[in-house]
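When the chains are written out, they are named A, B and C in that same order, and each has its own residue count from 1.
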Amino acid sequence: MNSRPVGQLDNMSNESNAGGPRDSRRTLVVVPGEDLGVSEGIEAGHGVLVVDDRIISTKQGRMSRKGNTISVDPLHTRYMPRPGDLVIGHIEGCTNNIWFIDIGAPFNSILPMSLGPAKVEFGGTRKVLDIGDSILCRVQEVEETHQSVVTMKGMGLRKIRSGALDELDPHLLGRLIGKGGAFLREMKMETDCRIVVADNGRLWIDGELSNILEVRRRINSISSEARVVGVDA
Amino acid sequence: MGGYGDVRMIDENGLRMDGRKPGDVRPITIETGVVPVADGSCRMVWGTNEAIVAVYGPMEAHPRKIQRQDRAVIDVAYNMAPFSTTDRIRPGFNRRSREISKVTKDALESVVLLELYPRSKIRVSIEIVSAEAGTRCVGLTAASVALADAGIPMTDLIVSVASGKVNDVVVCDLNKEEDNYGEADLPMGVLPNSGELVFLQMDGNLSPEEFKQAWDYNVDAAMEVHKLMVKALKGGDN
Amino acid sequence: MSAPTVPNLLRAHLSDLALNDARLDGRSKFEGRELKLETGILPRAEGSAKVTMGDTIVLAGVKFQLMTPYSDRPNQGGLMCSCEVRPLAGRHWEAGPPSPESIELGRVVDRGIRESGCIDVDDLCIIPGEKAWQVILDLHAISDDGNLFDAFALAGIAALRSAIIPAERFEVGEDMPLKVSKKPIMCSYHKVGGRFVYDASYKEELGGDERIHITLGDDDHVHSLQKGLKGIFTADEFAEIMEHAKVRCAELRKIVD
């Protein structure tokens, strides 16, 4: 039909089959602007655009094809909030009835008094949650203009009073959690720590200090491993 | 031909002082992830130019007055390090840097999908730590690689190359001497997949034929450089 | 420089760590990060160095200019050390005129080098009262993961020691190496969780209090001190870090050629 490299999907599978059994990590890495084939009969997922009946990648990442949907999972990314996400936020400021929360996203959130952890007297916001405090909360809504609201009404949502916080790039959370949560479960067992993995890449680790350090060591090794894998992707 | 007519930049075989043919670009190396604390980064060595670019964001835009309710803004800071040139550059406000920052921002805003990040800011910091000629091209090209490294969605990478004229010969990718004694300079920013342009400047004196030749050199060179950028972003073995 | 909110949990955790004589990244309190020094890496500078300490990366470049000696010191050239941390180096560094933090960095490094007397300004004079060399050391941060001070000081002295005076280009004689007779070395200590640690990372700086910078010369002579940020410290604390600084400076002096 035309001579543009439509067949990249096939090229890829040939390539990885050639080296023996297929490693799921070694999928095709694409770059912004790269042509991923005709759009006819294909659903455009995230990280791609349809331009002139062609699928174009908009990100540097691994191309994935699930059924009819082609998408690109970025190698690096910042957290983008979606309603329902469990996040760890830091209180950055407050007014008489609103807290401003840094959730590590391209825009900050608000926590209105009505969704706060306890009944607050008007003007008493800092007594309940002070600037610099950290909270486990859930994203309630994200408007199109990126105004977003978080809530602390819900099971397990609370102010974090002990333990330590750590970070992992959001796209690496999958590696930390493992299939069906197996890896994370194992780590919790072995280290005897409470570990809460929030969708914004922040982790709450609570337990004995030496165990916290062990968890951190393991998390750091995931990060540094990812850097190396990122290089030869 | 001006005061420099007697400086011979092209030899009898049509080769340039550094041995390149008129259409050749200087050697280029590209590396990503060079600023560990940044969301994305790129180091590009192009001849003896060296640019280091870091991208931070998208993050909440401050101060509030720069926020756009419907899209993100890109904040570009292009700067030449004091030790990047033969004569030291005094740090501080500089009209040339301001202009280059602005045209770089205009070019980058043409490819980044800004509407995905309302009220946000993407910070692009371009530092030229060694300058030869064509630093704005290196800065813009490296910035597009750094944005890709940061996972920022964009319709295409940007490759920026300059061609010009020395001793009445049109040559691609001017080096320092050619830039100093040259008679024209035409930097362009090309989208390699569509061939469209997002950045264009020119100064000097070119005939319509020379202009056409310089334009074609730039587009051809952009395709060459694009291959290297893709290789760097894919990790070298793709 | 914008001041990010310091999470209370981070401060609490750092105190916990301090009580158990541990650090965020598993180092002991006076242990430095992995360090790498490269020189001669910038083609346009007359002397240059790059220092990598963990994720902190800095460059230093040396340039020379001709100056007219000051009338009260007609036989002397000049030495200037300038630092501007650009927004490249971190989320919290912003564009605009140099911030007080940038200026403090430059001045503290400058004092250590100047007061050690490693560069003889009389040597920089070409024609008394008329012509002399001005040596300019520019410090440039690439990536700030804490302790820019030590990285800058080390890159600075290494860059100066690799510098060649470009006399031929200025038509005042033959090119020659800049004479740098000593090796002043800086060691910085941050109060984190109530005790001083060496070579703090960005997170430790963020959740820490005051910092102390010590520059020692070849014979352990003190050449510059600086206490920065809010905080109170005791004479005993100072004596302890001073003892460590002597040992560490001697180690670092060996890696500077």
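Quick notes on this one:
One rule holds for everything that comes next: a contact is a pair of C-beta atoms (placed from the backbone, for glycine too) under 8 Å apart; a residue touches a chain by one contact, two chains touch by 3 or more.
The shown structure was predicted, so the numbers you read here are calculated from the model rather than taken from an experiment.
With centres computed as the average of Cα coordinates, no chain lies farther from chain C than A.
When the interfaces A-C and B-C are ranked by how many C-beta pairs touch across them, B-C comes first.
A straight line joining the Cα centres of chain B and chain C is 32 Å long.
Centre-to-centre separation between chain A and chain C, using Cα means, comes to 37 Å. Each of residues 59 in chain B touches at least two other chains. The residues of chain C never reach two or more other chains; the list is empty. Across the assembly, chain A contributes no residue that touches 2 or more other chains.
For chain A in complex with chain B, the touching residues are 28-35, 47, 49, 51, 56, 58-61, 74-78, 106-108, 144-146, 171, 227, 230-233.
Across the complex, chain C is touched by residues 34-38, 48, 50, 52-54, 56, 59, 62, 75, 77, 79, 81-88, 91-92, 123, 125-127, 129-131 of chain B. On the side of chain C, the complex with chain A involves touching residues 5-10, 12-13, 16-17, 20, 22, 24-26.
In the complex of the two chains, the chain C residues touching chain B come out as 2, 42-45, 48, 55, 57, 59, 61-63, 65, 82, 84, 86-91, 95, 97-98, 136, 138, 140, 142-145, 169, 202. Across the complex, chain A is touched by residues 33, 39-40, 57-60, 69-70, 72, 111, 113, 117-120, 144, 147-157, 191-194, 229-230, 233-238 of chain B.
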